[in-house]
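Shared between the two complexes below is subunit A, which has subunit B as its partner in the first and subunit C in the second.
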Partner chain A sequence: MAALIKLQSIFTPGLKSALLVLAILLGGITAATTGAQAGEFEDALASLAKAKTKGKIAAINVIAASGDERAADALTAFLGGNLYFRKADKKILVAEKSGAVYVLTDPLTSKEIGQSKKSKIKKIRVNNRLRKLLRGVLGGLTLLAKDPDKRRAAADAVFKSRALSAIPVLEQAIEREQVAGVKERLVMARAAIALDKSKIEAERLAAIATLAAFAVPEVRSLLGSIANSKASEAVRAAAANALVDIESRLAFWNGVGNVFQGISLGSVLLLAAVGLAITFGVMGVINMAHGELVMIGAYTTFMVQEVFRNYFPEAFDWSILVAIPAAFLVAGAFGIAIERGVIRYLYGRPLETLLATWGLSLILQQLMRTIFGPTNQEVGNPSWMSGAVEVTGGLVLTYNRMWIIAFSLMVLISLVIVLKKTAFGLQMRAVTQNRAMASSMGIRTGLIDALTFGLGSGIAGMAGVAISQIDNVSPNLGQNYIIDSFMVVVFGGVGNLWGTLVGAFSLGIVNKFMEPFTGTVLAKIFVLVAIILFIQKRPRGLFALKGRAVEN
Partner chain B sequence: MASNMLAPENRSGFAFLLTDTGGKVMLAILLFAVIIVPVFNLWVPETSPFHLSTFFVGLFGKYLTFALLALSVDLIWGYCGILSLGHGAFFALGGYAMGMHMMREIGTRGVYGNALLPDFMVFLNWKELPWYWLGFDHFWFAAIMVFLVPGALAFLFGWLAFRSRVTGVYLSIITQAMTFALMLAFFRNDMGFGGNNGLTDFKDLLGFNLQTDGTRVGLFIASAVALGLAYVLCRYIISSRLGRVLVAVRDAESRTRFLGYRVEYYQLFVFTISAMLAGIAGALYVPQVGIINPSEFTPANSIEIVIWVAIGGRGSLYGAALGAVLVNYAKSYFTGALPELWLFALGALFILSTIFLPKGIVGTLPAFNAGAGARAFAARIIGRVRQNLGGAP
Partner chain C sequence: MFTKFRILAGASVIALGTMIAGTVQAAETIKVGILHSLSGTMAISETTLKDTMLMLIDAQNKKGGLLGKKLEAVVVDPASNWPLFAEKMRELLSVHKVDVVFGNWTSVSRKSVLPVVEELNGMLFYPVQYEGEESSRNVFYTGAAPNQQAIPAVKYLMGEDGGEAKRWVLLGTDYVYPRTTNKILRAFLHAKGVKDADIMENYTPFGHSDWQTIVASVKKFASAGKKTAVISTINGDANVPFYKELANQGIKAEDIPVVAFSVGEEELAGLDTKPLVGHLAAWNYFMSVETPENAAFIKQWHAFIKDKKRVTNDPMEAHYIGFNMWVQAAKQAGSVNVDAVRQAMYGQRVKNLTGGVAVMNTNHHLSKPVLIGEVQADGQFETVWKTDGVVKGDAWSNFIPESAKLTADWTYPWVCGNCKKPKFMN
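Up next is the complex of A and B:
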């Protein structure tokens, strides 16, 4: 059979005749299918009515090799158990049950040809062996589809089934293929078949060499099974070597994947914590309602999307762009109201502020529960945020995660610009550093307090927009982030935005690297304990502010 | 808050109690309850209008354990300025220690009838008892663990934190992280503490069936006695020289340190004592409610304890106990009558009490302290003036 593979690769143009030989060898001698004329598809199909399993195998292979455009439909029907023949004239039919009768379709013309009672037709039996073969050849048939995604899926299907019969189509597809990514998959599938089915050692070794280039989990498991099989010494050794190589590359990509996951988690933490870095870090206000401001941002996104759904459904993709400023304004307004209504009376009493804002968080949660109900609200992903790009086997980067990373960095950079380059930022820093002096220079400290708090809250609202894309929007949303964001700020160092950045990303990455070994919950526990211990070493965080301000 | 600073200098024996009017009233009420509750629950027939229902006894027994918990928080927050947002963890640990003993007491009466393993371990296919469950079949061992485990955790945590001078809001945040981490840990099934469901289905304690009225009354009395003794202990601590140093640390930590006191030792001592008291409260709470599960560790619970203290009156031990009972009574009432309003009410309590009642009920209401109202008013005026001059710190 291995010789056959070789044979086919040499005589690609004479595909059909080669395939026939193959079919005969595979299926034993079946006279019915040997008519290598123009009507081979019709003949092979007709032969299904009376053939036994071996004959059916041969017929399927002929149909698959015929290159006929009707082949895929007929074989799909066969696989689905919808292929029948009429008892009267042995005509092959596709029949679908519709109420008490069967609707018949002619597989040759793809046209409906009336209805029939069950007693007039007979199902062509399909067993597991045939199903396996059918799946394989169907994969081969779609190898030539127009849509590259379909071709790619077909290549993967062939890789899984490793049906020898797919070889000729595969060869044809490799020759035609223009898209590099799909071509790779096709080559991979061909090598997998050669490795699995060939009896010639040199061919198998060549196949291993080809496969070694692909660091994907499927190749790893195939090589693993070969390395432990009864294959010859040289093949097993080559497979084992290739396996080691692939393992190390997979481990590398797995590491890269972990870093990406970690950065992605870190960017969410960063978004949630950056607002806190303003209110806690700059103003010294412990705002336990910060998580609820994030939640308000998420609910604003939901509301904006509702408006879009009802009034501008065609522009739904852009609803997020409206939601970001909307969430900033809504959460910012809430923040200013909180500052003017509650926190203003509690400056200089951080512990009382903590309690009062905790009370606020309870009220806001209950408010949302009363208005929207306790269940999750549906927030949609815009189309440009859904989907993913596969960098290499096993490493898949989703677009929404990448957008959130970019968004978090944009937020941080704009915040730094506001703080360093605008008059408001200057006044804000002045009030932070020396309130009395700033006041005597004519800065309205009360107004600056309110605006600063509003800024921090508005950023929390924008974080809510991002989080609504990856998490459930419910009244409890904020609770899941509040402790983490405090950890980030305390770990990174209070009053230092770079500390927040480093803190968020390092916590995210450490978390994701530990998860495979310990599980999600234990990783989180370890990180919390590590931070508690870290605080003992550096009570003011990674990047502590120096100077007199530290003492208060 | 400053009242104990102005207390007379020459004290001896039990003078620390005799000068404390509010405390005397509280102890008298507890004594009264200890006498009256058994009489009206056990000996007055159920048909009589004077009969005290067992439900009521259980409810107030629970409130008394909360009062003890509030007392422990007030000891560190009111007198040493340590705001722990993780005291629920010590409470829950004490509760788990007692719960583990009661699980072992079930013995062969469990669903699976296993003499050695509690039901949930049989269910999870555990073959033998984990080492940390050993010894819990003895009551004395569990009774020691009830305050030893929270005390040890508090000592370790406090030793690390206070030595590095982690104070103020930083301490609050990491105590919160501590209870959060413990909550996640106890939710795990492989920890061997019953995971999500916790420990429940208790049958008896020291041979007394937990369902009978007599045991209920007994637990009520035990809670009242524990609260009374804890009050005397706390009162003794804060009236001693050590207590003065604690207040000094609260009001001016750096200055106290510069005067030569090892501030961290004082903080560590009082933090550990407080955690032990919280553990005892938990141990008394669990047999009365019949269950302990990881939700006791939620940070929200710990913050709620602080609000009991704030509403009752921070820096007044009996005020903290009063606050715990009042808030919990209100909670029982609201969650029964208007469940969706309870969180609004609790949230409003947090906000209003911190803004308008910085000294709590005890510090504000003239019935409790004649001079306090005027002092609070003066303090508020001073606060306004300071704020207008440029406010914060």
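Up next is the complex of A and C:
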């Protein structure tokens, strides 16, 4: 408590409005410790109906400081955009949409009080300024929550809002906290408030020393603003010093982040290219409709999700797992149809194949446009693929990217197993290496051709499932991946799966390391130029196949 | 597979047949050309506008047509292919002899049809927000100019409610609209005392899907101790992966707000918007605005398209205003002759769907209100700020020194789209 009083006493704003805020804060804290004044919460809540932004800010502060147990629920509803008032009598309500009507709850009694049409009630608007404040004060109210994730989020919110009113709860929370990770955040938040609000140099210097241990972008941001502020010489110098150290650590993690992003881009390239490595690499078919097979996989995901949305909404998170085999089968069926219908008449005529499959790609695009319409389709992310894990130092790894990396490797490994360990794989290799010999051994080459093309197409379809998680599902989806896929296969070495793997990941990483310096467009151009030069030196790519099979 | 082809081919032959038949019986109708891509990358946005036009024409015919004649829509498909736009415009004007054309979306396609529509003295209504720096005698611009969208949005972010941003990230797709808009914005920011070190500019190709590095670098740029805001002129398909990456990396609107100029209700349709609540867009129209006119328009659209889930957006309103102005002007002129209608266009007034009245100015741009909206969890926008009255569209930006000197005014004594002094000054 002593620290709190010191902090407040040194908080001497000159402006009238600032004084007002201080008065509210002080009033609030005394109210919180000595028991809330009757009606304060109700009055502040009621004032929200008419208030402009400034009035709302004052009301939020009063509500937060009232110590009323209904405060957290009311403010959460406000933050979520669920706080309304009835047009007739200006009564504040919590309204939640359910079908065509809104279900109303009274925030004073927490009881349901009927339903209403949209036209009878009006939403109390919340903007980014209010949201920031709300998150801050709610942070103060939820610092002692049971769930450690909530406490952590609360600490971060307090760090951002730097609300002086949070100090007493913060002290209490730090004392009680058992989880090390959360405690760290709490200490960080307290130091941030001290640094921002205190006028005593020693306190600020101590806060900088505490903060210097945390190499995260938020701290960098805070120290940066202090280093450029009108603070005393010593404080600015200390902030600048701490900043240098934090920047060097951040730079390291930034590099690690680049590698991750490169691998992640590589895994998407790999997925898109693996199917092509079969159809183009092994069979030698230049399939310009490959991207459209990816698109078909993405649309299959959409259809599977629609089925889940309509019939099993509670199992929606698992829809992706159903979509993977479904996409494989649908795209594979399309592939077999394409091979039997068009490509088999064109073996050995690459130019005609190129033109025919390019035409096919346009037909497939327009087909999807006719069936599903030209607009994007919404493909949801399952909850286990949303969000990110913050490793350290602002290094954020998103779950969807990590899953896609794992998925691409699984697809590659299963493909290798199919090729090397199964009878079908053996026959496939036999047909592609020496058709006449394989045929005379009793292998039905036509069937194997169709199945091989179907396998490559099916894998493209599975790529579509992964890509639907990060990109648009629209008829144009395939066009974005076709060039990259060919690039990976040619660079890695035609007909070699390991080449495709290494090619995809190295292209991804090189791209991501160049992007910050050159921009996206130039990075792509440089990579293309580099590949052209590389192909001059090694026409068969990174891992060239050797032997007689290649010669003809 | 082959039967499928045959069906498709058959369908297209029939479609062609009806189109030819349509042109033969056309003597007693007024023809309205619709030049929007129905295939290719831009189909996603432009197909909706074609349907909007068909709806408006249909409604006008039910009201008895125009000048005692029925309106007839002539739809062509320029297939998102910029040179094809010019060819299709020529076809509309010289083969179908249409009296007016509503069309185009991207600036590059507009630049492509410009010489044709000027050579053949046609009339084009262009419904999309664009970079300005243009005023053609034969084009009416019903979308927003930069001073009706970009500048007010930046001013809002500089204000208290917008978060008093001091550092700016300009993200855009790599073509003429974002580059010109950002040039104007940079000049505007300089005028407001923002240094170059506090501005980051980044361009990506059409359909860019891997936003990890860029979002990470925005985060890094934003951690320099000053409030940072992102201005996005990212166009089309690239928006969905961009917003997904923002959401996944946990960038909240209160920390780094993103204000977009090309993201409307239609673009949000393929997206889960819950993590994006609070990000902003600046337009002249939002579907969520509650006025009787807008409610009627949405009802009409749902009835026409037979799908209650479809959204309405700003370029649709632009066509609504443009079409109604053209109808009024033609009635006033008593003719659909291009020169007569053009004279009658100036000063035409049509009620906006969002309240107030849009006026056609002599620089061929509209006066319209500017709205700033926040993304909501249901994929709609909620207006958080609105101009008091209407804002007059500037053909030439005041913030680019060489354009500030130019005037666009197609009435006497100026009669010019880019002149420093009037053509008829004695």
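Convention: the second predicted complex is superposed on the first by the 345 of 552 C-alpha atoms of A that agree within 3 Å, B and C clash if a C-alpha of one lies under 4 Å from a C-alpha of the other, contacts with A are read in each partner's own complex, and residues count from 1 in each chain.
In this section, a residue touches a chain if its C-beta (ideal position, glycine included) is under 8 Å from a C-beta of that chain, and two chains touch if they have at least 3 such contacts.
Worth saying up front: this structure is predicted, and the values here are computed from it rather than measured.
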### Task
Once the structures are superposed on A, label A:P374 by its partner contacts, choosing first (subunit B), second (subunit C), both or neither.
second
### Which partner, subunit B or subunit C, touches more subunit A residues
C
### Query
Is A:A436 contacted by the first partner subunit B, the second partner subunit C, both or neither?
first
### Task
Identify the partner contact of A:R129: answer first if only subunit B is touched, second if only subunit C is, both if each is, neither if none is.
second
### Task
For A:Q536, select first, second, both or neither according to whether it touches subunit B, subunit C, the two together, or no partner.
first
### Query
Touching A:K160 in the superposition: subunit B (first), subunit C (second), both, neither?
second
### Query
After lining up the shared chain so the two structures overlap, which partner does A:R309 touch, if you call subunit B first and subunit C second: first, second, both or neither?
neither
### Task
Could you look at A:Q366 and tell me whether it touches subunit B, subunit C, both or neither (first, second, both, neither)?
both
### Task
Tell me which partner A:E515 touches in the superposition: subunit B (first), subunit C (second), both or neither.
second
### Message
Just checking: does A:R176 make contact with subunit B only, subunit C only, both, or neither of them? Give me first, second, both or neither.
### Response
neither
### Message
Please report the subunit A residues shared by its interface with subunit B and its interface with subunit C.
### Response
342, 363, 365-367, 369, 521, 524
### Query
Which subunit C residues qualify as touching subunit A in the complex?
1-2, 5, 8, 38-41, 43-44, 47-48, 160-163, 174, 202-205, 207-210, 212-214, 216-217, 219-220, 222-226, 237, 240-241, 244-245, 247-250, 252-255, 257, 266-267, 269-272, 277-278, 374, 376-378, 382, 384
### Summary
Seen from subunit A, its contact residues with subunit C in the complex are 53, 81, 97, 123, 125, 127-129, 131-132, 135, 160, 217-218, 220-228, 250, 254, 257-258, 261, 264-265, 268, 337-338, 340-342, 363, 365-367, 369, 373-381, 386-388, 390, 394, 396, 398-401, 470-476, 479-480, 512, 515-516, 519-521, 524
### Query
For the complex, which residues does subunit B have touching subunit A?
77, 83, 85, 157, 160-161, 163-166, 168-170, 172-174, 176-178, 180-181, 184-185, 187-188, 254, 299, 303, 306-307, 310, 340, 343-344, 346-351, 353-355, 358, 387, 389-393
### Touching residues (chain side subunit A, partner subunit B) in the complex
284, 286, 288, 342, 345-356, 358-363, 365-367, 369-370, 435-436, 439, 445-446, 483, 486-487, 490, 521-522, 524-525, 528-529, 531-533, 535-537, 539, 551-552
